[in-house]
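As structure tokens, here come the structures.
Shared between the two complexes below is chain A, which pairs with chain B and chain C, respectively.
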Partner chain A sequence: MDLFLQLLFTGIGIGAVYALVALGFVLIFRATNVVNFAQGEFSMVAAYLMVYFAVDLGWPYWLSFLLALAGMALLGVIFNLGVYYPLRHRSYLPVIIATIGASILLANSVLAIYGPQPQVLPGWFETPGIQLGPVYLDSQYLLIIGVTILLVIFNFWFFEKTLLGKKLQATSQDKEMASLLGISVSTMIMITFIYSAVLGGLAGLLVAPVLFVSIQMGSTIALKAFAATIIGGFGDVTGAIIGGLALGVIETFGAAYISVPYKDGFAFLVLIAFLIFRPQGIFGERVAEKA
Partner chain B sequence: MSASENIQVPAPAIRSKPLLLRHLPYFIGVAIVVALAARMQFDGYVHNILMQATTFSIAVFGLSVVLGLCGQINLAQAAFFGFGAYAVGIGTTDWHLSFWLCLVAGSVIALLAGAFLGASTLRLGGHYLAMVTISFQQIVTLVMINAIWLTHGPDGVSNIGRPALFQSSQSYLAFCVAALGIVGYLVWHLPDTRLGRAMRAVRDNELAAGVNGIDVFRTKVYAFAVCAALGGLAGGLFAGGFAYVSPDQFSFAESIVFLTMSLLGGVASPIGSAIGTGLLILIPEWLRFLKSVPGLYLAIYGLSVILIIRFMPDGIWGFVSNAFTRLRARAKAPPAVAALQLRPATTGGNIVLEVTGLSKHFGGLKAVDGVDIAVRRGGVHALIGPNGSGKTTTLNVLSGLYKATSGKIVLDGTDITNMAPHQRTAAGLGRTFQNIRLFRSMTALENVEIGAERPGNTMIGKGDDALTERAMEALTFVGLGSRANELISSFSYGHQRLIEIARALASNPTLLLLDEPAAGLNSTEKLELHELLKRIAAQGLTILIIDHDMTLVSEAAQHITVLNFGRRIADGESLAVLRHPDVVSAYLGSE
Partner chain C sequence: MKLTRRDFAAGIVAGIAAPHIISSARAQGATLKIGMCAPVTGPAAESGGYAVKGAKLALEAVNKAGGILGKQGELIVEDDQTTNPGIVLAFSKLAANAEIVGFLGSIRSTQVHAMAPDVIKLGKPVMIGGTDPNLTHMGNKWLFRFRPNDSYSGRVIAEYGVSTLGKKKWAVLHSTDAFGTAGGKALTAALEKLGAPPVLDQGYANQSQDFTPVVLAIKQSGADILGSYFTFENDLGIFARQLRQLGVNIPWVGSPSIVNITALKLAGPALYNTYGVADYAEDSSEGSKAFGKLYRDAVKVAPDNQSSWTYDAITVLSAAINKAGSTDPDKIRDAILAIKKFPGAEGEYNFDQNGDGLHGYNIVKNDKGNITFDKHIEFND
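Our next item is the complex of A and B:
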């Protein structure tokens, strides 16, 4: 039972990271109808930026954190202008391939600079954690869960209660109509990319002290996050969060009770099972092409 | 029944020489290259590069089928390549099996894995497929590294055997080149086969492919399985050639390398695939110094993927061949053909289409609510109603794009209520779309050929010539025969509508559904359309037409059904229905 609770806590912590990246996937998908395969690399790049500022240059942690996020915002701009925007009138396939190219480019550029050796980023807190009854609550995991909850609330408020959020929603639902109403569609898409890059970056910064900072962390997280979006129901914000948490828990239990080397395989098995038996996910995707 | 009909379709020779004879130069060329590979002396380094280029090309041919022809993405080609390689590797060393058996087994395993992966994902959008293939690739890599009892783990498998017939590396290379020649021929010829046309139709427009009798899902699974099987075959040959395999040769990075090769050369053609493969094997050899910095080399691949997609979407070969086809299309004049014969199938009843109690609800919205329609044989029946009355929804339920909430649809004695769109087409339903859905990368003739290829079309004989013949007749019937070899984009809007009608006519349907055919046409074109409808009806084909143009409807249709708010408000002879007070008030409002 103690082990069960401990694993549950860890699973939710990891799942929260998947949920954050999944959220980035969903936002870009809703705005552009394109799955951004470089979403995971946003997390990886942010973690390396943090390593550069905080470890290599030795700057204060909070400053490095803000600089890393600013760097992600910039990357979001470059990504939109260099990868998505020139292809926006083409079908989804060229765009998907271009984002895959961007993912390869980002991962291997970092590899060329930092080499294959994983980097270590110290945790955010002096105290490693607190003991609560039988369960040891690692402070970094607590932080991840806390930030995720705050972000979900912020996300809801931003999209439902602010004018900018409503404009973004209008753009994602009907670009032509939105532009006729005087909304600048290209600005909205730019904001979406910046927001998603920062969100993905934040997930990377939060999880970096728990995992190693490595080239592979991006693609690993992206794979899980994508599986999470399918499990939750593609294009659905709540689904992405629930799916992410569920996947984190499944994976942690799978590693503990079934097999450690194949830990990264469980996400895939769950994904295949969902695709076969419930492809619309828990919350259902709105997929229908008009005849 | 088909025998007597076939006699009436004359078959003048469109292609003068038999296929194999026309392609003889290709086989002579392959034979010369194979002979060169068998005779010429290479040093080990050149030999290895040739070996790699040959086997990789076969794997990239697979991508040209799935991505180029069918428009589906596969990011796990290296995994399928690995299946073949490990089957030959483990089979010939640990299990002492024959090379041939292992080669076949590896291809079959890859084929089955590809078919399973495709079958579980291809019903969904393309982005699912991309991510699932990435996941699959990573799982396969995990297994290759961790299942040491089977794969020897990271150490890999060495001392892999070759067939007794091709023991020397020289003769083995010649054998692989021959395999490349044969596979290349098949892939090159595939677009002109029934399956290949279906793949291209699916790539261009899935909905239109479905209502033209193509099983979209099955076509995609086939494309995916063919791609995987070619990957497996290539991997098996690769393992024999290098005698050593290890997991890093089949990683995700290699899948990306395959993809880049395919994109660079031109994804639509095997020649492009071979060019891309050759270049991407040679260029890194020339730029060896890049390999000293880990990552740099793949980073450049990633960048080139972005640049190729943006600036050269058809690849090197696509660029060359586009210019080439433009010249050729102008030179070839389409042959004259006989008049189009329509012989709608009949089981003898007076009613061709009987719809009873048809409903389609979207959540609480009753778009179509308990509608009855009886379409009499041999006439023009119009379905009209104000905007939002449920006309197009009805048509979409009839052709199977939407599933009926309740009710029954019987076409010429066959209950088609629960059939998929392509099955309804096979049962004799033809349709056009309000917003034209043609296969945009194909010529007018090829579009109509896909219609003519409907399963159960009794009006075409066997073989490609009969198919082309039928399609030409249909195009000539709508007045566009002389422009058969032009691409869809060069036709005006009105002409594109006519091509869509020709595509449906070529399939010799039992019932033709026309969804607002007059929308967007000018008055001359409308007159031409009216004439065309008369000529179609004169051949005994029943038409169910939806349109807003009251002049067209009242002149062309003998029978009218009127919908409003999803319900039938009037039904009967044209003139009587148009004077019906409910109809007048629905269109003009009541006092």
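Our next item is the complex of A and C:
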């Protein structure tokens, strides 16, 4: 039972990270109908910004955190104007390729500045964790789980209860109709990119003290987050959260009870199973139903 | 005599070209050239810089002592881009220069494998730092190794844990890549030979974000000592932290990455009191100490094996050419293989007929973040 509880906590913790990045995938997909393959690099860039402010410059942690998120908001604007906006009238393929190009550019830019060596980022808490009976709770994972729960609540409130959230939803559902109703589609898409960049950045900032800050950190998480998005149902916010958590738990238990080297394999086996038997994911609609 | 336009033009060309031709002719043969493939760019650019500095320091010392065959040694560096195609290209550029008499290859076994066919075709001596045992056992007589190969690291880890620390219930943890699998196998084989087969043999995939299942498996196995082969420092850092957080405090003897500067930075106190095998340990011999002082004074950073093996490679190659009294590749080869009890930065060189110069490892301890030399274990077989 002790082993089970320890694995469950770790699985939910790592799954929450996937969920945060998956959320960014979903939001951009809903608004633009394309997958942003630079979503993982948003996490990496934010972590390096945090290293710059908090470690290199020695600024207070909370200030560095806010500045890193502000930097991500700015990156969201630049990304929208530089990568999506010029190609917005083209099919989805050029946009996807442009996001892949942007992800390579971001990774290599950071590599040129910081070099290949991983960096250390201290966590929010002095205490690394607490022992609760037989289970050790890592304080950073506790924070990640807490932030994920808060974001679920915030997303529900934002998208369902605020005018801006409803405008964003309207834009994602039907751009032409939204435009006819007086909603500025380009502004809504800009806001979506900003929010997604901040979400991706937030995931990076939370996970960096656990996984260290490295050039590869974004792509490693993004791959799993992408799988989580498909499992949850591409385009569904709740699905991204559930998919991320499920993936984290499945791979952790799979590694513990079946095989450690094939840990990543379990995640992708589940993905393949979903693609075969339920391609729309847990919460996704069939394309026919959506039409 | 009438000066035609053609004569005038020919005269101008000759006038411009003559000084270059003369200086070029004078330059040819003025120095004795050694080629070096090094990662100037790419993921290993930082360590590549250390490798080049180690080689240059050695050549400065050689030149001060009279040079090679009475000439000043000159190092020509080509960027291998930290890739296999990169090193093949870099080596082919260097190989095209007939004046180069010997080469330095890579510390990465995979890159040495990539360039090995061209080395055989060229037929000139190449010094290497890659530790895959096969490199000097696959019929390529032009490769000479300046680090102990991996067959020794497993034996040293096992010998130290069983004989010195007195532990017999081993958990062996290794990456599932080529390096980790070979290392894990070597350690397991050595433990079986010592009558202490591992109670847990656990592989893991590189770039794992979480090692909780691994740590819990070690805990449940009842192991009283851990031996490890980690490829990437970030994996090692995450594992070390989780190992301590989940209350596993058994002795730990790891492959060289456990005492790598990056690993120490990432894992911090989680690696305190662990042991590692290291080919370069500053306090292990007078030669190591002398190199350490020279390197610190010149480069202002702590020396490690990235620079020590290239330092030794240049020193040994130069000594061999001087001893051979010729730049004939076969004579240089014979002179290298004849080298015995040569004190280098990495240890004492005793070349065997395969081209392996070193036959043991140092055991070092992480004493609150400081790496201290414990003992050297040498094998004569």
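Brief remarks on what is shown
Just so we're on the same page, the second predicted complex is superposed on the first by the 275 of 291 C-alpha atoms of A that agree within 3 Å, B and C clash if a C-alpha of one lies under 4 Å from a C-alpha of the other, contacts with A are read in each partner's own complex, and residues count from 1 in each chain.
Operating definition for what follows: a residue touches a chain if its C-beta (ideal position, glycine included) is under 8 Å from a C-beta of that chain, and two chains touch if they have at least 3 such contacts.
Here the structure is a predicted model, which means the values were calculated and not measured.
Once the two complexes are laid over each other on the shared chain, residue contacts for A:P118 go to chain C alone; chain B is not touched. Of the two partner chains placed around the shared chain by superposition, chain B is the only one that A:G82 touches, whereas chain C remains out of contact. In the superposition on chain A, A:S214 contacts chain C only, with no contact to chain B. By the touch criterion defined above, A:V185 lies against neither chain B nor chain C after alignment on the C-alpha atoms of chain A. Contacts of A:A102 after superposition: chain B is touched, whereas chain C is not reached. Once the two complexes are laid over each other on the shared chain, residue contacts for A:V55 go to neither chain B nor chain C. In the superposition on chain A, A:D264 makes contact with both chain B and chain C.
In the superposed model, A:L8 lies in contact with neither chain B nor chain C.
Once chain A of one complex is fitted onto chain A of the other, the partner contacts of A:L275 are limited to chain B, with no touch recorded for chain C. Of the two partners chain B and chain C, it is B that touches the larger number of chain A residues.
Applying the stated touch rule to the two superposed structures, the overlap between the chain B and chain C interfaces on chain A comprises residues 115-116, 261-262, 264.
Interface residues of chain C, counted against chain A in their complex, comprise 43-46, 176, 202-205, 207-210, 212-214, 216-217, 220, 233-234, 237-238, 241, 245-247, 262, 265-266, 268.
Those residues of chain A that touch chain B in the shared complex are 29, 34-35, 37, 82-83, 86-87, 90, 92-94, 96-98, 100-112, 115-116, 215, 219, 223, 226-227, 230, 234, 261-262, 264-265, 267-268, 271-272, 275-276, 279, 287, 289, 291. Chain A makes touch with chain C in their complex at residues 3, 6-7, 10, 14, 17, 115-118, 120, 128-129, 136, 138, 210-212, 214, 216, 220-221, 252, 255-256, 260-264. Across the interface of their complex, chain A is touched by residues 67, 71, 73, 75, 120-121, 123-128, 130-132, 134-136, 138-139, 142, 146, 206-207, 252-253, 256, 259, 263, 293-299, 301-306, 309-310, 313, 392, 396, 401-402, 433 of chain B.
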